[in-house]
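Residue numbering begins at 1 within each chain, and the chains themselves are lettered A, B, C, D and E in the order written.
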Amino acid sequence: MTVYLIATLTLVAIAALAGLALNLQWGMGGLVNFGLFGFYMLGAYIAGLLTVQGLPPLVALGVAMLGVAALSALSALISVRLSEDYLAIVTLGFAECLRLVISYEGWLTRGMLGVSGIERPLQAWWPRGWGDTGFLLLALLAVLIVYTVLQALARSPFGRLVRATRDDPGVVEALGKSVLGVRVRVFAIGGAILGLAGSLHAFYYSYIDPTQFGPIITAYAFMAVVVGGRGSNRGVVASAFTLIFLLEGSRFLIDLVPGLGASELAAIRLFLVGVGLVALLIFKPDGFGREPRSALADKTSSRF
Amino acid sequence: MLEAVNVSVIYEGGFKALNGASVQLAAGTVTGLIGPNGAGKSTLFGVLAGAVRPVAGEVRLGGEIVTQHGPAWRARRGLARTFQLSRELASLTVLENVLVAQPHMRGENVLSLLWSRRAVRDEEDAAIDKARALLQRVDLWKLADAPAGTLSGGQKKLLEICRALMLDPRIVLMDEPSAGVNPTRIGEIVEFVQALRAEGTTFGLVEHNMGMVRLLCDHVYVLAEGQVLTEGRFDDVIANTEVASAYLGAQS
Amino acid sequence: MGQLLVNGIVAGLLLALPALALSLTFSVLRFANYAVGSYLSCGAYLVYIGNVVLGMPLWLAASAGAALFAVIAVGIDWLAYRPLRDRGGVTLLVASMGVAIALENVIRFFAGNLPRAYNVPVARPMRFGDIRLNHEQLTILVAVFAALAVVWIIFRFTRLGRMMRAVADNPDLAAVRGISRSRVVAYVWLIAGMLTTLSGVLVGLDANVEPQMGWTYLLPVFTAAILGGIANPMAAVAGALTLGLAEELATLVMPVHYRMIVTFLVMVALLLVRPWGLFGTRWVTK
Amino acid sequence: MRDVVAGYGGHPILHGVSFSVRAGETLVVVGPNGSGKSTLMKTAVGLLRPISGQVLFGEANVTTLGAPARAARGLANVPQEANIFRNMTVLENLQVGYEFVASHSAPSFGKRLDAVLDLFPEIRAKLRSTAGYLSGGQRQMVAMAAALMPEPSVLALDEPSAGLSPRNAEILFEVIGRVAASGVTLLIVEQNTRLGLGAADHGVVLVGGRIRLAAPAAEVLADPDIRRLYLGGA
Amino acid sequence: MLTTYLSRRALLATSVALAASLASPPMSLAQQSPIRIGLLAPLTGIGGPYGQEEEQAARAAVKIINDAGGVLGRSLELIVADDETQPTAGVAAARKLIDVDKVASIAGVWSSAVALAVKPITLEKGVLLTVNGSADEITDGDNKNLVWRFQTNGKSWGEAFSKAMAKDGIKTASILVLQTPFTQSTIQPFRKSFTDAGGKVLDEVSFNAGQPSYRVEVERIFGKKPDAVFVAAYINELSAIAKEAFRSGYDSKIYAFGNAAGSNGQFVKNVGAEVAEGVHHTQQVPVGKSAAYSRYLKEIGKPDGTIMTFGAQVFDQIVLTALAIEKAKSTDGVRFGVEVPALVNADAPSIGDPAEALKALRAGKPFRYAGAASDFRFAPNGDQTDLTFGHFLIKAGDSKLVGEIR
């Protein structure tokens, strides 16, 4: 059971990273990225392919973060002319196309066969049998770092600018700041985090193929952000935890409800995900967390 | 300083919002734009600020042709504006609304956040001091921590003015700054503008409060149907019967 | 080549009805309904129950299914979208994603993943010279044109149509002119429900009935609607035809499996050049 | 209207406004921008529910009724600016103006169309044109014509002269005069004081969400306060 | 079909109850905790159509073993988990099977992608993994006798198709291939073998699972009028493609996998006898004539002649797992995994009935197990060798064996 707990916590860490990335892009930045899973997939593939080529896993991870950040930045260039719903469909289309390319360009990606034998970073460090625990620690460390960085960003002048752009890009333009610049940076940072999440996914499963990546990853990330409260990083981490435990926990339902087959159960699980998302939007519009403000502003005004 | 020459704006669907209008904002003066609703005043402001691109004509800023440059570019060259309908950043606090306008913040550069944290903090402290001075002047400092979306209409107008001034602009375009503002506060706006003009700031003003226009404006343009009807000193313009009939409705 | 054109037109027509439904709801409700694909699947399965389980003829099952799902669409709006009406397009967008996931899994729960087919005999095609037209394609042609004609007549010439166009054009003024928005919203969902059900049946005839059928149509349907100018329902039909032909012709020059990339590139190019759609008009309001 | 307090998001813009329009007469509300004229108009026609106070129409209390219901009782409204359906033809605009409001006892559409087109001869030739492509003056006419189609007892006009050239504004107010003469009660919010008050029986001056002056139009026009408000005299 | 599905679900529920009641009665078995066997089946996703078949077969095998007294004096307990035909879900489900349920082996892994994803975990934990996937990579590397493939690999199957076509006098062929590791792995061997024999491949088109329509693909491939089209796909896609080709007026012969075109008659049911008429399929035999296979069919109540390949493979997996445990006297995968090849490769009389095999094993009599899915041998790397393929043709709604290919 402990082993299973460790596995589930690792999934929580990866989901939390994806949620944090979306929280930056959508929660703070107002950019609806339905194609999140595409960037995540790209991260997994860059890290996976480079690792099996013999690059040290941590270096591959770094390249994956940079690569996804660069591509995200590029795709944000389109965003400046698009309203939110259009950006959503464009990113979704981009991700689906990316998946197609990965499926068919086998010379590069090994196509549907997938990439197997991906080595985890720092596996030699841990005593035998502690590999999973070690990897979990690594993933948790990644969450901690990303959380700290995002929290600092959110409270910085940069975070303020990002939120300002979300509220009214026209005003930000009129103040002499480049909206496109802000969006590109937001997408790039979010992309780097997604690249990190994707890499961890590849390391964790040690095998990746195109069928592992689909819009449901995007849906989970949106749920994490909506539940956690748009803009609240702490809320997102907490809700990723709850979400994954609910989803994983439901695997045990099959032992408790004998009348139901696994396929019915899977359907019920995902049905509840959908209904839960809508219900949360309706009944808990602000989620459970609160958006951080720029730190100094808080500090100064509390002097009164 | 800032001028629009023969600009025309046609909105999709054929509506001619501006039809060859020319205005000139001389350095260090306050220029008023008056005229009935829908005359094209706000559109002309949009053109001057770069938010609306004209189909014909050009815009010059300090002698340079800037027609092709967007609002951000012009803002970086010292052109600030407020909007007719307040556009506060609703989820940001009042203080943040003003701080966000501070130009050249290194803290907005992600890498500087990492490398020069000290400089970022000093910069932020300086910006807060500057914002406090502005907000205190319009009596909004007490609300510094409130989300801007919760302000009243008049307070939002004042907040917009503070935000524009935070840019240390050379030119300020103010679109109906007095609309919805408590009459006692209007006096403060007037003082504000006069003080800054004395320091050399140029102002453009769209305003329906004629008292304010008379007090502030060195030069007045009257717009109607997208064209400049007449221009001149306020009292001269007011004396013009055509203007009176177009706008003031006062039978002289 | 001629065959390619025929196939392209039929493929476009299959997109036309859901694209029309999408832009119809968008024009009145101002949000992009991501669940449009799942609506299509749901409709197809309801008709399947009528046709195969209850043994009705397909036309009867389709009519009954359309009527039933139209009511369901209004119900979904009532439960999921109405409480969020004032919260802006993005919230509704995310909500519709939730609705899509939920609906798809309702289907999974009751019907499983197996593909199913309507109880319609498979027949050899009709031949006109070199061009083959199979019976399903003919059904699609006739049904889509009939549906489009009906919607067009409603839209152009009836009181209901003026009501919908008025709300789409200027909701405040429509209210002042005595039109109740919530009534129009209900009508729009009724029509959208029927259109998506019908398209579900046609897609099911053309291929299979399966839970994923709508999702795979989502991207092309959105592209078609955007192509036409998303708030302009009739132009969405033109967008759908354009896209159907473009996809079909693109297979001449690129691998068949990269069709979706064509859709995507068409969409991006269009959004960059004419964000208000090929056939739409851009009204700029102050 | 009785003691109406209204505004947006809990922030009152109108602070207790009371006035009334008698049947058959024309009342013009003037006041500087931001004084609450548009809010007053929205509250009157039912687009905005007041925070407190009552709106009476005839004998009935209509405070809680929405705009469609008030329209059905004979209160027609021409909003400021976006007051036509741009993508529809002029004829369709008139149709929409008629069909959702007109009671069963009202004259037929054809009869009303003739009657209204007699008031606005300028748009007769434009019936098939798309309304969005008309000139500003013509659009204003179409908007008023559409509002008059169901034979309302009260017509509320929000800044009818907005965006019009002086000449067009004068033409428009001539038409408004004709409408008033046909027996329709008019409630007009207007910025053009002279034109507005010139066509009115009574005037109300609104400043800062409160009524500064309510008097017969001629008196209001002559009031020195008004001159000061608009001309900025000391 | 919906009704049959529902009734099948009811049947499933009763069979679950039945299995549960069976687990307790024999007193001797109830004394000790049962040995748990995991079934990681594709109950949803593109493998969905085969998941039920696998589960049914696994339950049949477990019941036969338990009726015969169980293994090591303990009963077998089957734990089923859904891999959603998706590696991530597969890994999560496998972790639950291994870490929570403590299964001794995992059977029924259908998708090659899932097998590849699950393999590292089972190797690490020393759990036996028996798979139906045919991607070559599954058996690559040092598998410590823990990974066994109960499926022909892509190479032999691809070659079987080319031989079948050569026999039918096919000169030109085109290929329509679904994008999965298994289907793709058959293409290169087929191409090579077919062209080596003098045939000509006109065109090849790949497509995705769950496409809304296959018209474009069909037009492109059948439009060139090849003698035959090799449709490397599962039942869903094959059904749609066969229908589309028929109603588009094409006549090229279709060659398909037995698990798609044969599959328990489901294909004929999907498309109708008229469309299915003349579709060729190949399948490793002796499905349909071995003792183990008839025992399997009898247990699940299907008539003779029904072709259910994946079910038969899972049946073999469970039976061999049980036999290996009994033989090694251990539930440790590393120890009983070694016994798997010996049980089928032994030079001894063949036994097909699992109960008899168990009896022979306990009696110490030498024998070899001749499986339900195929009379195969194991190569040291874990692949099946020495397979015979049957060549079937659908006529009037039924699959007829028209020849054998070695």
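The working rule: a contact is a pair of C-beta atoms (placed from the backbone, for glycine too) under 8 Å apart; a residue touches a chain by one contact, two chains touch by 3 or more.
Since the model is a prediction, treat every value here as computed from it, not as a measurement.
Novice: Going only through chains that touch each other, what is the minimum step count from chain B to chain E?
Specialist: Minimal hop count between chain B and chain E: 2.
Novice: Which chain maximises the distance between its CA centroid and that of chain D?
Specialist: E
Novice: Would you mind pulling out the distance in Å between where the CA atoms of chain A average out and where those of chain C do?
Specialist: 31
Novice: Where the centres are mean C-alpha positions, what is the separation of chain A from chain D, in Å?
Specialist: 54
Novice: Chain C to chain D: how many Å between their CA centres?
Specialist: Measuring from centre to centre gives 41 Å for this pair.
Novice: Measuring from the mean C-alpha position of chain B to the mean C-alpha position of chain C, what distance in angstrom results?
Specialist: 46
Novice: Mind pulling the residue numbers of chain E that touch at least two other chains?
Specialist: 44, 48, 179, 206, 208
Novice: Chain D: which residues touch two or more other chains?
Specialist: Each of 81, 86, 132 in chain D touches at least two other chains.
Novice: Would you give the residues of chain A that are in contact with at least 2 other chains, written as numbers and ranges?
Specialist: 100, 104, 263-264, 266-267
Novice: Contact residues on chain C for chain E in the complex?
Specialist: Contact set of chain C toward chain E: 3-4, 7, 11, 14, 48-49, 52-53, 108, 110-117, 121-125, 127, 132, 134-136, 203, 206-208, 210, 212-213, 216-217, 247-248, 251, 255-257, 259.
Novice: Mind listing the chain B positions that touch chain D in their complex?
Specialist: 13-15, 36-39, 150, 152-153, 176, 178-183, 208-215, 224-225, 238, 242, 245-251
Novice: Tell me, which parts of chain A touch chain B in their complex?
Specialist: Touching chain B from chain A are residues 152-153, 156-158, 160-161, 163-164, 166-168, 170-179, 185, 189, 291, 293-294, 296-298, 300-302.
Novice: What does chain B use to touch chain A in their complex?
Specialist: For chain B paired with chain A, touching residues are 49, 51, 70-76, 80-81, 83, 87, 89-93, 95-97, 99-103, 105, 107-110, 113, 120-121, 123-125, 128, 132, 144-145, 163, 167.
Novice: Mind pulling up the chain E residues that touch chain A in the complex?
Specialist: 9, 12-13, 16-17, 20, 41, 43-44, 48, 51, 80-82, 84-88, 91-93, 95-96, 98-100, 112-113, 116-117, 119-120, 124, 135, 137, 141, 179-181, 184-185, 206, 208
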